[in-house]
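Following this message is one structure expressed as structure tokens.
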Amino acid sequence: MVIKHKNIFKTESAWSNADEKLLCLDTGSWRTERPVLDKEKCNYCGLCALYCPPQCMKDMGDYFEADLAFCKGCGICATECPRNAIAMVPEGEFADEG
Amino acid sequence: MVEKTKKKSRVFNYFCEEDQFAGGVAWCSGCPLELTARFVPKVLGKNMVFVGTPGCAAPVLHGQNVGAWHRLAYMASVMTGVPSKATGLTRYYNRIGQDATVVCFTGDGCATDVGFQPLSGAAERNEKIIYITYDNEGYMNTGNQRSSATPLGAATTTTPVGKIGRGKTTVSKNLPLVMLMHRPAYMATATLSHLEDFAKKLQKAKEKVKKGFVYLHVFSPCPVGWRINSNMSIEVCRNAVRTNYFPLWEAEDGKPRFTVEIANPKPITELTKLMRKFSHLKEDGLAELQKAVDERYALVKSLCDAYK
Amino acid sequence: MKEIRIHGRGGQGAVLAARMLASAFVLEGKSVASFPMYGFERRGAPVVAFTRIDDKPIREKTQIYTPDCLIVIDPGLLALTTLFTGLKPEGVFILNSPKKLTEQPSENLKTSGVVNATQIAVEEIGRDIPNTCLLGAFAATTRWLKLQSLLDCLPDYLSGDILQRNLKSTERGYREVEVTKW
Amino acid sequence: MKAKKGQVRVITGNAVGAYGAMICRPEVVAAYPITPQSELAEQLAQFVANGVLDAEYVEVEGENSAMNVVLAASIAGARTFTATSSYGLVFMYDALQETASFRAPVVMVDANRETPGIHAVSSGQQDMISARDTGWVQIVVENDQEILDQIIMAYRLAEDYDIQLPVMVNYDGFYLSYLAEAVEIPPIEDVDTFLAPLKQQPGRQKLVPGVSIGCGTHGMEMGYVEARYKHCMALERVKNKVDEIDKAFGDYFGRYYGGQIEEYRTEDAEIIVLASGSAAGTVRTVVDTKREEGVKVGMVKLRLFRPFPAERLIKALKGKKAIGVIDRSLCFGWKYGPICMELKTLAVNIGAIPILSYIDGLANLDVNVPHIERVINEVNAAAQGKPYQEVTWIPMEE
């Protein structure tokens, strides 16, 4: 038998190693809407960041901003914001951004 | 700029670790399980080992060949072996003086059904393990089939509604109370709307696990399976607490106490209206569900009162 | 034999579309085989589904590596590098997109049918479920299947108001698809 | 360099199993009692209670958990031990496969007993047979001393860096588990010496908290194929390794067992009886008496069942005129017994000779002397060209 396969695992059994390969999905592409913040209303309480399931809200010092690479557009931040400072806007509005 | 009256929420202070998961992972948008999975290591710290099993968490908790979706040590198990594997790990780490928090992380399908026997065994042996159940009241990873945590009257793909079928015909197994009867070192119910309550319980769990078995039951509604709009899943958790559908309580060494008491609970319809899981229930069905909720709450309350 | 490969995301009805297509061809006396490929089901995760049609019974049980026709339900998937691999010469391409195809996406691709199925689905069904609309576009672009066969098979899968809305969405896909010969 | 003479005790097979485990210094032990193995689990608990065995002894709520406890502890780096039988073994079935596929070097004793379906609390190798595709190494012993010695050898095999596989040491329930024989228990320091070579080998992958490494990742496409291929190649390496370890054991402790198989009076034999387990002892006696009557018969004792010792069997059986295989179990879907069925796959290498399958010794029935005499007579007749019956359920014909 002539083996052509190059080993995937260094180990005998199936082990993963995050230092060698941390996987990540382009979940940002799942979105049909994105959160848009009205900074006037925001009081930096951070509930949007705390409740965000992908925990992808970045702390910008006096407000939080969703990382659009991962935000799935679920809209929880908009629902949970005590000051209704976040609106969910259809992706179509940003289509030309490429 | 609005004058910054409020400082950042206190919950941020409970975090002792960065988010251990990659930004993009395979959980549905709006899923409370994703929040739970990311939240737990932020509070418990990185020096933990996850033991997980097929279920909604598996595609993220367990890797794909060499690739992993997070930086935590983990062991993948089938549903029959989670707390018993955790036992093997915690016993050996304890023996060699390796500091570690061994955390089982399974759904209700494993905890209340397939893996109930080893869970009960590990609890009775008071193993130094934190067992966390994310309870979405059914087998959601495989498309919303019923589990023994599925409530009375709920529609699932194996308890469908039809000319005759009216959803699940039996009341769900009350796993938190069953685990109370195992007298664990510490146990608690928690959910994602009450993050500070959840964070406090995780910190207490990390302390108490040094003494013995810890059980955490996290109410984690499934947007897809329960047909909730993805932006409403935290609100569903909140209303579950406010209707006493999912009371928040804890117990140290078997003595239960409420951590959040609802002065005047809302009717169950405040919860059921947020989802289509119960949409086929008419007044009689909703009344029956309300009765089941009230009875269950009364039982927990009587136990808490007994230890006041 | 015709081999059709459908690319979508979890929750967009790719698997259902493949099966509906098979049912429609059965109404025209064809042998069919349809199956999906995905690991765990996740809303948003890529899914591929296959449908084979032939005059004689279909015996292969493999994925489709050299499709005669590609149906792409989510325009985001155009970024998938492997999308066009194996497309047969004279290949047909059905795309759900709000934008026109300005240049030939792949040299083997001779015919393309583009329609804003998401838009039509939102208008007719009230939600972004573009699969039936794209099947209408498929029938118009390939001419391998009569529209009526598609409409006749939908009741096996849908009923009531949802059925009526999907019938309209399919018809609009059939009429409004923009067919281009490259 | 030879080991010192050990202490001799007259104890049952089960107690021997406990001693065998104890002197190998396991760190995590989990066992659930089941007839006929219970005394082993009790003896281990007693060792721990008396401070003779320093191990985490986990009183599990069932065999499935027993296997999971030792599997995980082993993956964390511990030396582990467990023991079960029949119903318990099949209850572990999913964990058995995980233990082997995770390549955890767990050592387990299986006191063989009929599997459930037809409820029976009696001896038979059906449980071992029913677990032959779980990826474990399976070895079968003949007497009490061999139980102890094989457990020591099992650790040196399982934890060998080139192997990294769990090993199941099988002995007949009832016939050995309850049989008291004089057994030499080597000093624990000598066992340490015998197992010391393992310490010079590279360390295997361990699960450590705080380290971003995960055990049991999904095997995706070629990842899965690769892991299975490595597992099967390791099983191939087991065969020579078993022979090497047997030699090293004999050189040091003075007792050789033959490794994968033992060949008893086979050099000039024309016909062979293939047997395994405690029945092989009885076969030896009948071979001797038949030899005195001028019958050129020998015995091959199968010790290694998984991986199947094909090469050694071909070498031992090539050129013989006929073979009789005594199976103490059955093979659903084949008329032959399982060991016979597997031996038949080697027929093309051994030669077109009669291979007679005998099913005997189920459910505590004896593989007794008259049965073995009948086997040898029929095989001898077949060797001389007389017609023969391919499969015989001996008890059914009495």
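Going by the order they are written in, the chains are A, B, C and D; count residues from 1 in each one.
FYI, contacts are C-beta pairs under 8 Å (C-beta built on N, C-alpha and C of every residue); 3 or more make two chains touch, one makes a residue touch a chain.
Since we're looking at a predicted model, the values are computed, not measured.
*Asks:* Write down the chain pair with more C-beta contact pairs when B-C is set against A-C.
*Replies:* B-C
*Asks:* With chain centres set to the mean of the C-alpha atoms, which chain is at the far end from subunit D?
*Replies:* Measuring from the centre of subunit D, the most distant chain centre belongs to C.
*Asks:* Which chain wins if you rank chains by how close their C-alpha centre is to the centre of all protein C-alpha atoms?
*Replies:* B
*Asks:* From the mean C-alpha coordinate of subunit C to that of subunit D, what's the distance rounded to whole Å?
*Replies:* 57
*Asks:* Using the average of all C-alpha atoms in each chain as its centre, how far is it in Å between subunit B and subunit C?
*Replies:* Spacing between the chain centres: roughly 40 Å.
*Asks:* With chain centres taken as the means of their Cα atoms, state the distance from subunit A to subunit C in Å.
*Replies:* It comes to 30 Å between the two C-alpha centres.
*Asks:* Between subunit A and subunit B, tell me the centre distance in angstrom, where each centre is the average of that chain's C-alpha atoms.
*Replies:* Result: the chain centres lie 23 Å from each other.
*Asks:* Hunt down the residues of subunit C that sit against at least two other chains at once, touch-wise.
*Replies:* If we look for residues of subunit C contacting two or more partner chains, we find 43-45.
*Asks:* If I count partner chains per residue in subunit D, which residues reach a count of at least 2?
*Replies:* Touching at least two other chains: 212-219, 223.
*Asks:* Which residue numbers or ranges of subunit B touch two or more of the other chains?
*Replies:* Each of 26-29, 59, 62-68, 70-71 in subunit B touches at least two other chains.
*Asks:* When you check every pair of chains, which ones turn out to touch?
*Replies:* A-B, A-C, A-D, B-C, B-D
*Asks:* State the interface residues of subunit D toward subunit B in the complex, per the touch definition above.
*Replies:* 27-28, 30, 56, 58-62, 64-78, 80, 94-95, 98, 207-220, 223
*Asks:* Considering only the defined contacts, which subunit C positions touch subunit A in the complex?
*Replies:* My answer: residues 9, 43-45, 76, 98, 128.
*Asks:* What does subunit C use to touch subunit B in their complex?
*Replies:* That would be residues 11, 39-45 of subunit C.
*Asks:* Which bits of subunit B are touching subunit D when the two form their complex?
*Replies:* Interface residues on subunit B, with respect to subunit D: 46-49, 51, 59, 62-68, 70-78, 80-81, 83-89, 91-96, 98-102, 117-118, 120-122, 124-125.
*Asks:* Under the stated contact criterion, what part of subunit D meets subunit A in this complex?
*Replies:* 101-103, 164, 204-205, 212-219, 222-227, 230-231, 234
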